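Below are two complexes that have chain A in common, paired first with chain B and then with chain C.
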Partner chain A sequence: MSAPVPGHALAQGTPLAAPRPGSGRTGRWLALASRHRVALTLAFLVVFPWVAPYQALAVNILVLGLYALGFNLLFGYTGLLSFGHAAFLGGGAYGCGIAIVHYGLHPVLALVAGTLLATFIAAAMGVLAIRTRGIYFAMTTLALSMCVYYAFYRAEAFTGGENGLRGINVPVLTLPGFLLDLLDPVVKYYAVLAVVGGAVWLFSRLLSSPFGAALKAIRENEGRAQACGYDVRRMKLVAFVISGALCGLAGALQAIHLSIVPIETMHYATSGQAVMMALLGGMGTFFGPFIGAATFSLLQDGLSTLTSHWQLFVGAIFIAFVLFLPLGIWGEVLARLRRAGW
Partner chain B sequence: MVSAAAPTAPPILATEGLGKRFGHFRALSGVSVAFPEGGITAIIGPNGAGKSTFFNLISGAFRPSEGRVLFRGRDITGAAPHHFARMGIAKSFQITNVFPHLTVRENVRVAAQARRVRFGFFRDRSAYPELAERAEILLGEVGLGARMDRLARELAHGEQRALEIAVALAAEPALLLLDEPTAGMSPEETREMMDLVQRLAETRTLILVEHKMKLVMGLCRRLVVLHQGQLLAEGGPDDIRAHPEVRRVYLGKTA
Partner chain C sequence: MTDLSLGGFPLDLLALQLVTGIALGAIYVLVGIGLSLIFGLMNVVNFAHGAFFMVGAYVGVFLYGYTGSFWLSLVAAPLAMGLLGLAVERVLVRPLYGRGIDDPLLLTFGLSYCMVESVRIAFGLTGLPFGAPPDLRGAVDLGIGYFPLYRLFLIAFSLTVVGALWLFIERTSFGLVIRAGARDPQIVQVLGIEISKVWLAVFGLGCALAGLAGILAAPLQGVTPEMGIPVLAEAFVVTVVGGMGSLAGAVLAGLLVGIVVAMTSLVAPDMTKMAIFALMALVLLVRPRGLLGRAGALG
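After this line comes the complex of A and B, so read on.
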């Protein structure tokens, strides 16, 4: 007899959280895959450009996958639904772009600059937003991210305002000992993968760490975690900032990849995109964000050639997922494998 | 008044004029009690007596409107909930309160971890094997040794309550607070829980809120009786049984 857990979703303060895969015991194969999740994810990403329709799209997916991964740290693993992650993607993109365009920094240093700017924005937004819970948290992050949006929109001299930041041209990446021709989409893909791969590895270490375990406890039951002695608010803030930093790194890579930062990067629709990708792929799964990013990008790419109303169809598909496949694609795959005793 | 507790030992927990208002409603007022170290003290009283309010005040869930809470002589009034755990006060909630989608073992391991390492970012969890060992020992102690790989949500109600106690014990508390540990349990589960409570009290101080007076009479060293938000009586089981006021407001109805 298994008793329901009374009101745990409310106690957690995340009434918007979707169900998680988790019934039954994890079998031998899934446990093995989980131990080698970084290697498996990287193996997939190494092969990916050769199965993607074209390589520039593969770079998009890689970057968006990192964006969704960073978002998922907060959404899937800590149980906090933020609607303001565009501020971190955009902050990273602008920070990197401005460093290159206005200060002529080396692209690698510009990536660092972009990530730092996003981290700073995340810390500032997090200090304010973490005081609220559930829907209020989502709304606060949304409002704060739009404040950041307008600040960047108005700072035309630095950001190009409405026209976006143009001229982030990095045709060749000069590294000690060798040159990388970024105009070659294959070279560009693997250069971006080197950075994303590092982030994926760090992310995995973080999840396996005591801090990662504490985040999952907070997601499961905030009050209980607090009663155990965890300073829940501070841990959430740290998770928020790390999540922002990962999304900022994604933004910085995107700036170099697209050689422009459109102002829409910071728009709240981009925040919504993170939610969509995380849910399509499967929240709280390690590999889900990349599946979600690939699904979203392929849908967008395929549908936008057929109709200018592609967003309508993406929206309909998204609703269908929420209703009929709440675990997301990867979450559903895992749940089925688990039921089958893998 | 003859007290069963030795008055020489300083109290582990004491309240001074503790009160709580919710708007205009006074849920509790002017409660001053001292809890001796060791053994079980039960807080009893009829429905609406203010037991749960009192529990929430001494466990740090509520901030008192008036008065103070002292832990080993130190004023802890209004301290953040996570500080209570770190000082050595653990609690189990009235409604089952575990981490539903984590395994039984991980429930206790992560609770034990809170005492040792909170902001460890880079080392793997397996670098702290003593935490998993401690979790297994505690789960054995509460009788869940065979259920460690299940998810917490898959356990039966009584098992979840036992798990919750293991989670509370993982913080290595000097003082364990239990809010109606047998609420909603079958008679058999209740008996097992009371046996467990008794075993736990051999090495720790327990304060438990209980609605059913009969259940705790034979178990605890001291009782605190609340009635209409005020302290009605305190003392050993015999004193309480003989107390005329208690008999009138409490026993009179049930006997």
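After this line comes the complex of A and C, so read on.
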């Protein structure tokens, strides 16, 4: 049996392949901005808390931005749509929380512990999920993440089960030479930003490495990448694990920020949130995930003050984006600037 | 009968669990076939399939409350979901043909949010209790023990539906068009058959099956707005285990998953939820294309 027939194009005339961000001809200004993407992203994030409605929301957006960034490595840059990333966000959060609550580890070490746990979960899920392709990948990752969810739900002694993991109190962060008062939202924001900034820098390095180029090659044409001699399956697994680690770091930061890990962190809806943020912001764009995280959080924040049924509107807005704005906000901005010859 | 036992469990208890498992499996079969039909023909993964299951259950329970007739619910719930499916395909999914394969998936994901939230608005957050209708309550003696009548009915009814569906696909001319369309839509189009109408019909049919599964499952567990989420994940497990695009695979895997769940709940109740995912992991490791899947379908 041959591969699924791409016959749907004939219902609509020519196939409307969405132009991939970054594939068009880039003007001088955009090229310059792209070269300094880390500096520009960080500059925005440094200023951001002073324009956000309130600072706790700014920390949320920062953490969710990192979550969407990690997700985007897989979805936007490798072309793999995962519906299981809540397992990594949750794994990072629980790992960090358990390290602090049950073992009294230093918060910095707890961040490492959380990231490691998420990396481990990602490796275990990845080995299985990578065996499937295309749409099956989304279904398999969803099913595997549900399995992780139930496992953590059941391990009540460690995770608190349905009540969530409570008591992750880090009021003051003791670092060699100085103390950080995390009860001050501004201090907390910049402490989190220091970690997120490092991750953003690493992410940028990864994308500009030969490995990053190979991932984009897999996204554009898996068969061709294989024919070029790349071990596609292993590269996908490595991308999956790195993506999981970044999301795990986001989860660990979230655990310290919220001082509780609700079981919903691992739920299917949280996986869906990563998909929504990446698409709203612009998949496969460097800065898009932060725009997506900000959009999603502001929507949620704004709508939930008006109605308890904000998810209805979030769902409808998401549908509208899929239909009419598939490049996402930032992707659309970039595409327009590119057309205007910037 | 009670003197016979296997692994420390009396045989009649095992038989009861087996019937429970097959009844659960029958639900999975209906949900899995709907998902598989839509996917096999159109390359569209319907992420709102669990939501159709849930809304179907609500429609059925609501009508039952009004009319008192479970049989009417059994007809109306799939009918309503079929019509909703037709509208969704025509208005929302059709503009996405020819775009990436992820786009319809993302759209139906967004749609599932809207459907769940709409049900919360209409029926409240907590869900409705629902038991088997009076005609189907109680237990019957099958010679090896007593079995709940509703579960036996559920198995018989689902088998009938699956049999009818098989006849429809294998023995009717429209079924032939569906099978041909799954093979090569372009040739079907060239032969003068409007393939988009076939897609429309099959999307509706798949959603109707989800709705039917929903109302059939309602007496087992009651209805809540969130009931579709685990079902979606379990339907994915069924399709991965059975082999995508294979109807026989969906039937086999659905029953297998149901029996595994029921038996695990007997042996290790804590592991029930995880057992089916362990089954999927095992199949992925040993036979990534699924039990009856075609070679190469999964790469």
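One rule holds in what follows: the second predicted complex is superposed on the first by the 319 of 342 C-alpha atoms of A that agree within 3 Å, B and C clash if a C-alpha of one lies under 4 Å from a C-alpha of the other, contacts with A are read in each partner's own complex, and residues count from 1 in each chain.
Just so we're on the same page, contacts are C-beta pairs under 8 Å (C-beta built on N, C-alpha and C of every residue); 3 or more make two chains touch, one makes a residue touch a chain.
Source: prediction; values computed, not measured.
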Which partner reaches more residues of chain A (counting touched residues only), chain B or chain C: C
Partner chain(s) touched by A:279 [first = chain B, second = chain C, both, neither]: second
Which superposed partner A:309 touches (first chain B, second chain C, both, neither): second
Partner chain in contact with A:240 - chain B first, chain C second, else both or neither: neither
Touching partner for A:189 - first (chain B), second (chain C), both, neither: neither
First, second, both or neither for A:48, with chain B first and chain C second: neither
Touching partner for A:220 - first (chain B), second (chain C), both, neither: first
Partner chain(s) touched by A:94 [first = chain B, second = chain C, both, neither]: neither
Contact residues of chain A, present in both the chain B and the chain C interface: 1-3, 5, 7-8, 11
Complex contacts: residues of chain C adjacent to chain A: 39, 42-43, 45, 92, 94-103, 105-107, 109-114, 116-118, 120-121, 183-186, 189, 195-196, 199, 229-230, 232-234, 236-237, 239-240, 244, 270, 273-274, 277-278, 280-281, 284-285, 288, 294-299
Parts of chain A lying in touch with chain B, wherever the complex brings them together: 1-3, 5-8, 11, 20, 22-23, 25, 205-206, 208-214, 216-217, 220-221, 223-232, 235, 238
Complex contacts: residues of chain B adjacent to chain A: 59, 80-82, 84-86, 90-91, 93, 95-102, 106, 109-111, 113-125, 128, 149-151, 153-157, 160, 167-168, 170-171
Partner chain C, residues of chain A touching it in the complex: 1-5, 7-18, 81, 128, 131-136, 138-140, 142-144, 146-147, 150-151, 154, 268, 272, 275-276, 279, 309, 311-312, 314-316, 318-319, 322-323, 326
